[in-house]
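The structures considered in this document are given below.
You will see chain A twice below: alongside chain B first, and alongside chain C after that.
This part shows the complex of A and B:
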């Protein structure tokens, strides 16, 4: 047989796949497959929740409450995203290093700002929420800052990556035409990434709505808070009403985002 | 006649590969020069050196008698040298007018260029340039919605607004069909003559080079193969320029 066929380099991925599959199969043996796996009343509760799925509570009071809390959740998300976009815009540009010329300054500026973006997004929004609730109390600001910081970190990093990855020809052409770094930013980089970053920010806005709902489990009002209260009272039909409102919010944002993308791409 | 460009013993070496070895020639003001030669001969490298996009490994380039390396301020350089390449040079997401007005960026400060994004500044430059390339009605259209030939005309309009003394064109018609290609080349040469620009263009097509240019410089393996007036180049010379190396 050809010796090259037996080289490790050629097969390392297949070997890794094999090892990981074996690890998964072995892990199945350590599960205890008896009645202890799900607690005895669990199945019954699951049935109740499933029934409630088809019979959500549509009484006037609950609908008004759901609308109010949807509005709260949405406004936290919108305020948090607005701040996140501002953070991402400035940090993203600095972290991509496109406004400074090659050399020593760039070698330090990029890691410096990329590091800060990493710090912002390394901490989950829920953890930020705890920190802010502990320091400034149960106020809307706690939720907004808790959303803005990690989302700014994520958005800023993607923005920086997009700016670094665009095709270099139009930028070179602008510089050859006498454009400075900042002029090239406005006439080249920003228009080139506009469609992509907008659609990514819209997707993140969707995530922010979900997060903002979760955020209310910490005690800051909104859909999540109502879901928690209804769950505590075992009112699964109410839970589903609130969940449907959350789904509706996400779908509406998705539709909006599609419209926006279509307009930007054409 | 006055010298516009003068190359002295220019070499360019990439890591291991020699792209250009010891080139010397001069180009006079207003000359129309075509660079021809097989792929990998060093045509693009030579144009990039002339545009100061790449520094030479050895040798010196003189523009109007002054070393190119002293022309570091790229705003001043843009008034001397302009470059046009394949159609990927434009920002497709912007309307045509901003792509054309980008030729004014060397004149504008940051505030004026930002303002121009909202209210186009020096608009008459753009509309005049677009009239000369025959695209008057496309002023506010999104650049990426234009055809390849039209985009290349937009790039020409930008060059008109920039109005450099020397125009470098790197395969300006490589991605166009023959009719569009002739159209764009025709325009490029016509503008160069009207504006009294010095034009150096690299071309794949020997036919176009002979038809539109005064002088042909042929590159092969990083060296000058011949440098002759377009009219005196023979078919045999062209044949041996593009001949593949015999496999020994």
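This part shows the complex of A and C:
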């Protein structure tokens, strides 16, 4: 037999595939598979929901309501993202440790700020929303802060990674010419990462719209709130109208960000 | 006079800035949300009460002091883990079954050298399905699905899978589009069928990136399990919501602790697994 066939390196992918498949099969055993899984009228409800899918409620009131809540959703997302960008800018620079010189301070400052960013993004935005609603009440700020924190965490981490990954030559050239740390940051680091970070932030904005729609689940207005209200009234046709508005919103931003990213990152 | 041409990028940046300013204005003026009202004494009192509750100060028997609660939370953590794995599995299987017609180079026949009349039709349909399923958030899927299934792990897994099916499908299709087409054409010209093409031509070349994406989505799914739990889809999220409704704040601290541990563990495992296959 060919000796190479026995090498471990060759089979790593197969081993991982096997482990993942086994994990999936094992997870299937955690559910008892019988007819008890579905509500007694579950299939009928499914049929009603499916029919409503093709006959969404397009009456004037609902459309106006849908447009208003689309704007609410979009404006919370935009406001949350603007705060997230501010958080990401300062945390990103500190977490990449580029403004301090090599040595003891850098060794502590990086893990300190990276840890904070990790904590911000580890908790889902809806959990943040819940914590905020419980402490400051039902206000748009609960939604905005809840979006800003996890998105700031993600953007900040990516920003820090980008700042660390850029090629050192332009920075060395600036420093050799006598630039201070701050000048190196402004004229060296930031212009180099500008296109990439803008494109990533745009992609995150699309996710933020989706998240902002579900913020309403904790009682903050927007498309998700309307979806939930209609579901509670068993008006499946209205549900689909609002869902279509949400999809349209997401697709428009998706197309926009795709066009923008294509031009930014060549 | 110099002609000033507005490029798409600059126009977009201006539009985004305008959108952000407009959003803040609408929040301030239309909804009359005031920042100063946030920091009233009443809110301060509620906030401090809430955080004291979370920490279990002034509580007679905080939940995290009882071994029973720990055991219960551990069971829920295991359930949540199973839910995330199941969701990833469902999404991956569904994406694998649909991904071949969704690749642009399969639709126009440049990958397989076989051009079928329905190439673009099935491309459009599958891609449309991907867009639809990923544009709807997991929570909305869960809200709808909970009307059909009884609360438990399965509806949560299905809701998560529906959302991630669209994302994984799109990512997989892009991987196939970036493939080197020569080995596949070679197979195709020697008479391999569709299934054989996928198994021997596409999969070996694309598997590492497929695995990377699956692991990456698993991380995200793990973070979202708690959210679908809120509407009754089982796991830590369901208990989280129940404890919140009963004002059992110390329970929440315990659940949040397990949730964070789970998320960090998933991040760690998936990072190590990705390095392992590199």
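Operating definition for what follows: the second predicted complex is superposed on the first by the 221 of 266 C-alpha atoms of A that agree within 3 Å, B and C clash if a C-alpha of one lies under 4 Å from a C-alpha of the other, contacts with A are read in each partner's own complex, and residues count from 1 in each chain.
Keep this in mind: a residue touches a chain if its C-beta (ideal position, glycine included) is under 8 Å from a C-beta of that chain, and two chains touch if they have at least 3 such contacts.
Bear in mind the structure is a predicted one, so any value in this text is a computation, not a measurement.
By residue count, is chain A touched more by chain B or by chain C?
Chain A has more residues touched by C than by the other partner.
Between chain B (first) and chain C (second), which, if any, makes contact with A:178: first, second, both or neither?
Touch partner of A:178: chain B, not chain C.
Is A:144 touching anything from chain B or chain C once the two structures are fitted on A? First, second, both or neither.
The answer is second: A:144 touches chain C but not chain B.
Any idea which chain C residues touch chain A in the complex?
Touching chain A from chain C are residues 7-9, 12-13, 16, 19-20, 22-24, 26-27, 31, 33, 35, 37-38, 43, 46-47, 50-51, 79, 82-83, 85-86, 88-89, 131-132, 135-137, 139-140, 143-144, 147-150, 152-154, 207-208, 211, 214, 223-224, 226-227, 230-231, 240, 244, 256, 259-260, 263-264, 273, 276-277.
For a test of understanding, state which residues of chain B touch chain A in their complex under the given definition.
Residues 51, 53, 74-75, 77-79, 81-83, 85-86, 88-91, 93-94, 98, 102-103, 105-108, 110, 113-114, 117, 142, 155, 158, 162.
Inside the complex, what are the residues of chain A that reach chain C?
12-13, 16-17, 20, 23-24, 26-28, 30-31, 36-39, 42-43, 45-46, 49, 71, 74-79, 81-82, 118, 122-124, 126-127, 130-131, 134-137, 139-141, 144, 198, 205, 210-211, 213-214, 217, 224, 227-228, 231, 239, 243, 246-247, 250-251, 254, 256, 259-260, 263-264
Note which residues of chain A are touching chain B in the complex, please.
167, 169-170, 172-180, 182-183, 186-188, 191-192, 194-195, 266
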